[in-house]
Every structure is written in C-alpha cells, then in structure tokens.
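Next up, some structures in structure tokens.
Here come two complexes built around chain A, the first alongside chain B, the second alongside chain C.
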Partner chain A sequence: MDQALLLALDAGSYILAIVLVAMGLVIIFGLMRVINMAHGELFLLGAYCVVAVEGAGGNFWLGLLLAPFAVGLVGLVVEQLVVRHVYHRFLDSILATWGLSIAIKQAVVLGFGPASQQVSLPIAGSLSLLGTDYPVYRLFIMAVSLAVVGFTFWIFFRSDFGLKARSVIANRDMAACLGINTRRLDRTTFAYGAALAGLAGAVMAPIMSVDPQMGLGFLVPAFLSILVGGSGHLAGALVGATVIGGTDSVTAALWSPVAAQIVVFTMAVIAIRLFPDGVVGKRRRQGRRFFGERR
Partner chain B sequence: MTAARLGRVARQRLAEPAIWLAIALLPLWLGNWQVAQLAQFFTYGILALSLAFVWGQGGLLCFGQAVFFGIGAYGMSLVTLGMLPGQSGPGSSFLGLAVAVLLPAAFANLLGRFLFYGRGLQGAYLGIVTLAIAVIAERVAVNWDYLGGLNGLMNVPPFTLTIDGEARELWQPREVYYLTLGAAVFTYLLLRALIASRYGTVVRAIRDGAERVGFFGYDTAAYRATVFTVGAAVAGLAGGLFVTLFNFASPPLIGFTLSTEVLIWVALGGRGNLLAAFLGALVVRFLEDLLSERFDVYWLLLLGLLFVLSVVLFPRGIIGELLHRLGIGESE
Partner chain C sequence: MLKVEEISAGYQGSRVLDGFDLRLEAGRVLGLLGRNGMGKTTLLRCIMGLLPLAAGRIALAGRQISGCHPYEIAQRGVAFVPQGREIFGELTVEENLRLGCLGRRQPLREVPASLFAHFPILAERKQQRAGSLSGGEQQQLAIARALAGAPRLLLLDEPSEGIQPSIVLEIAQRLKAVVRESGLTVLLVEQNVTLLRRLAEQVLIVEKGRVAADLPVADLDDEELLRRHLAV
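Showing the complex of A and B:
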C-alpha cells in the first residue's frame, strides 16, 4: 500500500512537472501555430535565473519570483526578433526556434560553463501522508503546477484577454476587423508562454541537476503529451501529460527508467499516429475549436 | 538565341560538372589529413543529400534522418565483423554495403507505411514523431549489448576490395577520398534523375498540395512512403561508408544530435537543391573543424544564430540562394 501511494505521488509529481512545461507550449502552439522548439531552453533559462540570483547572494524565492519575468522578457525579445517573421511559415517556425534553442543553450554555456550547478533545496524535510513520508518541496512543486493550470484556465476562459485570444484563434482576420490588436496579442501570449517555461525551470531547479542539456529532457515528453492529448485543446495537454507521465512513472518503477523512456516514446508515437487529433480531441479544423467550446 | 541566353545555358550545363570536377581535383593541393577529413565529410554530404530529397522534394521534415544513417553504420559493422546471426566469418564490404542500404530502407518503408497511410501524419507532427524515434533509437543502441552498448562496435575494418582473389583494404586518404566521392556523385546523379523524372514531379506536387494530387487518383501515402524509403537507403549508404572510414560504430551515429546537425547542414546549404545541400554539409563541417578548436562554444552559438538567420531570411539556404541567383542546379 505504501509502495502504491509512493508511486502515485511520484507519478503525480512527474505529471504535474510535464504539465507545467506543456502549458506554455500549448498556448503558443494554439494561438500562433508555432511549434516552439526553444521552449526547453526557456525552461533552462528559468533554472539558471535561480542559479544566478543565488550566486549573487539572493535567496531561492527571489530567484523563483524573478524567473518568470526575466524569461518572459526574453520571450518578448525572441518573438520580436525572430518568431514573428515565421508565423506564416509553419515548418520554418520549427527550424527557427530550433536554431534559437541551440544559440540560447550555448549562451548559457558561455555564461555559466558546461558543468552542472546545484541549487539548494529551499524547503527541507518531508511530510507524512497516510503513513508515507514525502518531501515537502515536491508537494510544493505540485501545488505550483496546479496553481498555474488554474490561473491559465482562468485567464483563457474568464478574462478579457482570454476572450480576445480565443477570438483570434477562432478567426484571426475577423478578430482583427473587430479591432483586436492581434499583433500585440501574439506578443503577449508568446511572452506568457515563455514566462511559464521560466517559472517551470525555476521551480524544478532544486530537484534537478541544472545543466545546459536539461531542457531537452522535458521538451520531448511535453511535446508528446500535447500531441497525444490533442493539440487543439488546452485540456489536451493535461490528459496527454497524465498518460505520458503516468506510464513513464509506472514503467520506471516496475521495470527500469531506461525501458520506461523507450516504452513511453514508442507508445506515444503509436498513439499520435492512431489519434492525430489527440485522445480527447475532436476533429479540429484549422484550429478553430482550440481551447474547447466552452461559453 | 542571344549570346546572353547562350551564356546562361552554358553556365547551367557546365557549372555542376565543374563544381564536382573541382572537388575531385582538390587532393592535388591538400595534405593527407585534410583529404581524409574530406572523405569523411563526403559521407555526411551523402546524408545531407538524403535529407534534401526527403525534406526538400518530399516536404517531409524528418528530425530523425540519422536513425537510418546509424542503422546503415551498424549494419555495415555487423556484417564486416561477422556478427550477424548465422554468419561464419567476416562478410565482404559489398555485402555490408548492401545490408547498410537495404536494412534502413526496409525499416523506413515499414515506418513510412505506418506513419503515412490512413489519416497520415505530416508537417510538424511528423517532425516531432521522428524526433521521438531518434531518441528511442539512441536509447536502444545504448542499451543493446549485441550492438556493444554505450561503447559501440569497435575495429570495423576499412572498405575491402577483392582483386584477383587478393583482399585489399582501402585506407589511404586518397583511396577513400575517391571511394566516398564516387559514392556521392553516384547518389547525386541517381537522386537528380529521380527528381527530374515523372516520379519526382508527382512527389513535388504532393509536397505542395497533397489533397489535390490525391484527387487526381495518386496514392499520396504510397509516394510518401517511397520517398522516405529512398531517403533512408541513401542515408544508410552514407552510414555504411562512414563506418569504414571511422572504424567504429557508436550510439551517437544513430541519434538525435546527428539528426539535428544534418538538418542544419541542409537548411544552411539549401533544401531545394541537392548540390547546395551537399556543399552545405561540407562547408559547415569544414568550418566546424576550423573554428571549433579555437572558439569552441562561440562556434555553436554562431551556428545556431546563422541557422535562425538563414531560416528567416534565406529559406532556400545560403548556398542554395547563391546557386539560385547564378542559375545553377535543378529547379525547385
């Protein structure tokens, strides 16, 4: 029983970590049809933001607070300089952001060196849950992830900004005709997605080895989650992450972490092939039903 | 026919052979080390040709082209080391080359059938799926003891010709230079002929509007699967040759990193033009050797930025744009 609970907690922790990364990705993909391959590196920047703040004598929480803003700013710059030029060239957007990811990674290597950095655990100790001890910080990460999901859903379904964003997704030209500044919306959304990646990197930094390669480890599962769940749906990312993260954790516990990755990726490839619109997806027509049809 | 037009036709006809001839004459001026390096780059060039065909002509953005390169490399190694099940001794290099071409082709064909039939995958989805496949392939290679695991397969023999019953290993720089250059020219001509054929026209049409071509009664999925297969065969050839030069097959050859490198070569060179893609691989690898020792991290930073710049400003690729302005190479 303890074993099962521990497994469930581990799975939950991994799933919510993927969700945290996937949320930013799916927003950018949904609104702008841009596959942001540099997302893993924005995650990386978030983690290094904490490293930099700690190195300058600040504490972890300051870094955590700063990371989303710093990375969001990077997102703004990147959008202005590169991404807006490839909005209408779908495949090129993958390549351009891929090039960006290489450049950002190398910039980090230049700034901090290729070695891995340690970030101290800000909340030590563990909490007893139904007789199982579990690190408090992991629970904190899960809470952050849930809060981010809640906040994002609120923004997109209950705020003015979200209404505009969804109208742009539904029909960009018509939205522009109605006086919505689609250019500004794109910029803001990209920055928001980037900020989420930065927050994810910062919050995950203490439990990972922070090194320039860490971005890729989350990028691929996050992408697969989105495609498995259905890229035409904000909730798709949640479902996809549950499938991917859950299978990974269970297989890793029962078999081995290496086998888990092979199994999960293979499974994801098959799932994407069989359900191109995602397991929860309805048939999408040019992204018209993105973020569901609520309200 | 005016003189200007005559000049342009002559340039178009003669430029490509002239470029190949220039490459063939390079060893006259270069030292052994550079010649050997170039021989290796030619195999990368062949890999770039394969991706230029799959991506530039077929419109299939493949993030896992190195998977086929790696399968070719491992296939060649297994045959020439005599490690295939049921093999009594080391097999010949030609058998190895055949396996290096056919094995990835068969794999790609199965994969292509799976991916493209029905409501097939395309565009970004295909890119991400092939990316995942590259990661899987590398994991498998690292953890499969038969393939030597993390260490890979060592002591792969050089390409061996049997002349009058006498085995002769090709390992001198100038020998392997012309071996790989020959293979590159052969591949180039073959792909060029394919592109110029009716088949090539259909493939390009599918790239530009799969649905319309489907309405004409063409089986677009079948065409895509064959494009994928041909690309994999060529990539496998490159891998098979590479390992005879490098003498060592290891997981990085099959994985994600090489897959993305070849993507960069082809994007910088030019996806719409085979010669540009080939030269792209050569130039980037050459510059990398030249610059990476002194400027290590700056080089990759530069390459990344250059890549972004080229994607945004020169979708034809930097070399491709140049060749296009000069009117050299096949039409897109």
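Showing the complex of A and C:
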C-alpha cells in the first residue's frame, strides 16, 4: 500500500511537470502550426534562471518567481526574431527552432559551463501521508503545476483571450476577418507557452541535475504525450502526459529505467496506430478549405 | 464609401481580376452577378485583405485599405460573410457572436440585445454549438456575427447558397430591416436573382474579371438580358 502511494505520488509529480511542457507545445502548435523544437531549451532556461539568481546571491523563491517572466520574455524575442518568419511552414519551423535549441544550449554552456549545477532543495522536510513519508517539496511541485494547469484551462476556455485564441486555432483567416488581431495573439501565446516551460524548468530544478542537456529529457516525453493525446486540444496534453508519464515512472520504479523507455515508446507507437489524431483527437479542421493557408 | 480602382489579382499565375473598377456610395446596396469563376469572390477577398493585389488600390471612406492586414480592415469597418459561412462550429452561437463584438476597435464584451432582436432564432439557440444549427440558421449566425462588429460596409458572398427558398426570403427580409435601420452599405455577391431583387438597388454584371454591365435592379426582369450574361 505504502509502495503504491509513493509510486502514485512520484508519477503524479512527473506527469504534472510534463503537462506544463506539453501544454506550451500544444498551444504553440495549435495556434501557429509551429513545432517548437527549442521548447526543451526554454525549460532549460527556466532551470538556469534559478541557478543564476542563486549564484547572484538571491534565493530559490525569487528565481522561481522570475523564471516564467524571464523565459516568457525570451519567448517574445524568439517569436519576433525567428518563429514568426516560419509560421505555417512546417518543415522550416522544425529546422529553425532546432537550430535555435542548439544555440540556446551552447549559450548556456558558454555562460555556466558544461558541468551540471546543483540547486538546493528549498523545502527540506517530509510529510507523513497515510503512514508514508513524502518530501514536501515534491508535493509543492504538484500543487504549483496543478494550479498552473488549472489557470491555463481557465484562460483558454473562460477568458476573452482564450475565446479569441480558440477562434484563431479553428479558422485563422475568419478570425482575422472579424477584427481579431492575430499577430498580437501569436506573440502573446508563444510567450505564454515559453513561460510555462520556464516555470516547469525552475520548479523541477531542485530535484534534477541541472545541465545543458536536461531540456531533451522533457521535450521527448512532452512530444510523445501530444502524439498520444492529440494536438488539437489542451486536454490532449493532459491525457497524453498522464499515459506517458504514468507508464514511464511506474515501469521505471517496478522494473528499470531502460525497460520504461522501451515500454513507453512501444505504447506510444501502438497508441498512435490506434488513434492517429490522438486519444482526444479531433477531425481535421474544415475552416481552411475556403480560405487557403495564405498567412 | 468604397472605391476600388483598377485592381488586378489572382491565384498562382492565373489572373482572375483584371483592372476591376467599382464605386459604392454610403448606404447603398450593390449586387454583383456573374457566372462562376468570373472573379466575384476574388473581389470580396481582395477588399477584405485576404488576397494581395497585383495592381490597383482599394480605399474605404477616403483611406487606402489595400495592403492592410484583414484584422485592420475589419477594425476599420468592413465585415465579411464568406461563402460557406465559415462559422466556428465548435463554439456556441453566443461565442461566435461575442467574437464579432471582441473584434471591434473598441471591443464589446456582451452581445448587444439589438442583434438578437433582428435574429430571434439565435437568441433561442444562444448556448447551442454553432455546428449543430441548420444551414439557414448558420447563415443568419454568420450575418449576425459580421454585424456584431458594427461595420460600415458589409460584404456578403452568396448568402443564399445551399439554403431552401423560403429561408432565403426570410434572411432577405431580416437583412433588409438591418440595412434600413443602420444605413449599412452592402456589397452582395449573389446568383439568386430573387434575393438580389429584394435587397439590391443596382447590379453589376461581372465577366472575365471586369464589370460588363451596370444595371438598375429592375432590369433583372429582362429574361433575355439575364440569359445573355448568366447562361453557361
């Protein structure tokens, strides 16, 4: 019983961190049809933001607070300089953002060196849950992630901004014809997706080894989550991450991390075969039929 | 109100509009009639900024709009009801209308009651998914959504397409009421002569990307003339 609870909690915190990364990817892909290969590096930047703040004498909490804003700002700049030039050019967007990911990684190596950095655990204690001790900080990660996921759903399904974003996702040209400023929406959404990744990186930093390669470790499961869950809906990221993250951490704990990789990839292949548009998949959008894909 | 000067445009090498000219006074309803492929829809897309011009210019109330982004053109007071309606099927009726309101230069958060007064069926179906509406209801939604942006100029592309005749008449009636009340300027592309007769005052016949004839709407009664311009 204890073992099961521990496992569930570990899986939960891993799943929620993947959700943060995957949701950013889904939002950006949904709106701009850009596959952001640099998303893992935005996660990385979030973690290094904490490292930098601690290095400058600040504490972890300041770093955590700053990370989403700093990385969001990076997102804004990246969108302006790179991404907006490759909107709706599927292959180019992959190449451009991949190049960007390499550049960011190397910049981090130049700034902080290739070695891994330590971020101190900000809350040390553990909490007794149904007779099992569990680190408080991990519970904190789950709480933060849940809050942010909830907030993101609220933004996209309850706010005016979200309504506009959903209209652009459904039919970009028609939304523009109604006077919706699609350009501003793209910029804001990209920055928001980046901020989510930054926050995820920052909040995960104390329990990971912070090194220039850490982004990939989250980008891959996030991509798998979207493939399994479906890219057409925010809930796809949630469902996909639960399936992928859950399987990964449970198999890794019960068997071995290598076996977990094999199981996860095999499962992803099967899921994609059975649900080509994802478990929460949607039919192809019809809105583009008339307008074409000019911009 | 609208001035289209010598515009040319097309798709990938084929020129659909070739030196098209048009002048539309404020408060008028102008019909555009012509066979398929003659450039009527292309003209509307050019005005809306969805298609770049190869030559010429378009001005709205004295200010050039050609070269602007569609959302800027919309915010300057042009609304578009495209062929096929293009409503947001996954969103509710109310959300569709709210998007029209949010697209205004001064965004409006609530759908004005006057809009529902013109289209009572939409008030009834407010919370329904727009994709579940019938064709005629969807067309009314598309028109209402365009009007939600409080436009000065309304571009309508074949509003009667795929809708049963009795509903076409109803839509014509509602549109007429809106136009009368708001003094809206309308550019109406339509193959349905009945609808044109009900709404338009003047009709341009479009042929091969140019204006072939400019007629008062009463001339549409001339069967011989219609056959000459429209028969395939």
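Everything that follows uses one rule, which is that the second predicted complex is superposed on the first by the 283 of 295 C-alpha atoms of A that agree within 3 Å, B and C clash if a C-alpha of one lies under 4 Å from a C-alpha of the other, contacts with A are read in each partner's own complex, and residues count from 1 in each chain.
The working rule: a residue touches a chain if its C-beta (ideal position, glycine included) is under 8 Å from a C-beta of that chain, and two chains touch if they have at least 3 such contacts.
What you are looking at is a predicted structure, and each value in this text was computed from that prediction instead of being measured.
In the superposition on chain A, A:Q261 makes contact with chain B only, while chain C stays out of contact range. Taking chain B and chain C in turn and counting the residues of chain A each one touches, the greater count comes from B.
In the superposed model, A:L163 makes contact with chain C only, not with chain B. When both complexes are overlaid on chain A, the residue A:R273 reaches chain B alone and has no touch with chain C. Of the two partner chains placed by the overlay, only chain B lies in contact with A:I94; chain C stays clear of it. No residue of chain A lies at the contact with chain B in one complex and also at the contact with chain C in the other. Listed in rising order, the residues of chain A touching chain B in the complex are 35, 82, 85-86, 89-92, 94-96, 98-107, 109-110, 114, 216, 220, 223-224, 227, 258, 261-262, 265-266, 268-269, 272-273, 276.
For chain A in complex with chain C, the touching residues are 160, 163-164, 166-167, 170-171, 173-183, 286-287, 289-291, 294. Of all the residues in chain B, the ones that touch chain A in their complex are 61, 114-115, 119, 121, 123-125, 127-129, 131-133, 135-136, 139-140, 142-143, 256, 260, 263-264, 267, 297-298, 300-301, 303-308, 311-312, 315. Residues 48, 50-51, 69-71, 74-75, 79-80, 82-84, 86, 88-91, 95, 98-100, 102-105, 107, 109, 145-146, 149 of chain C are the ones touching chain A in the complex.
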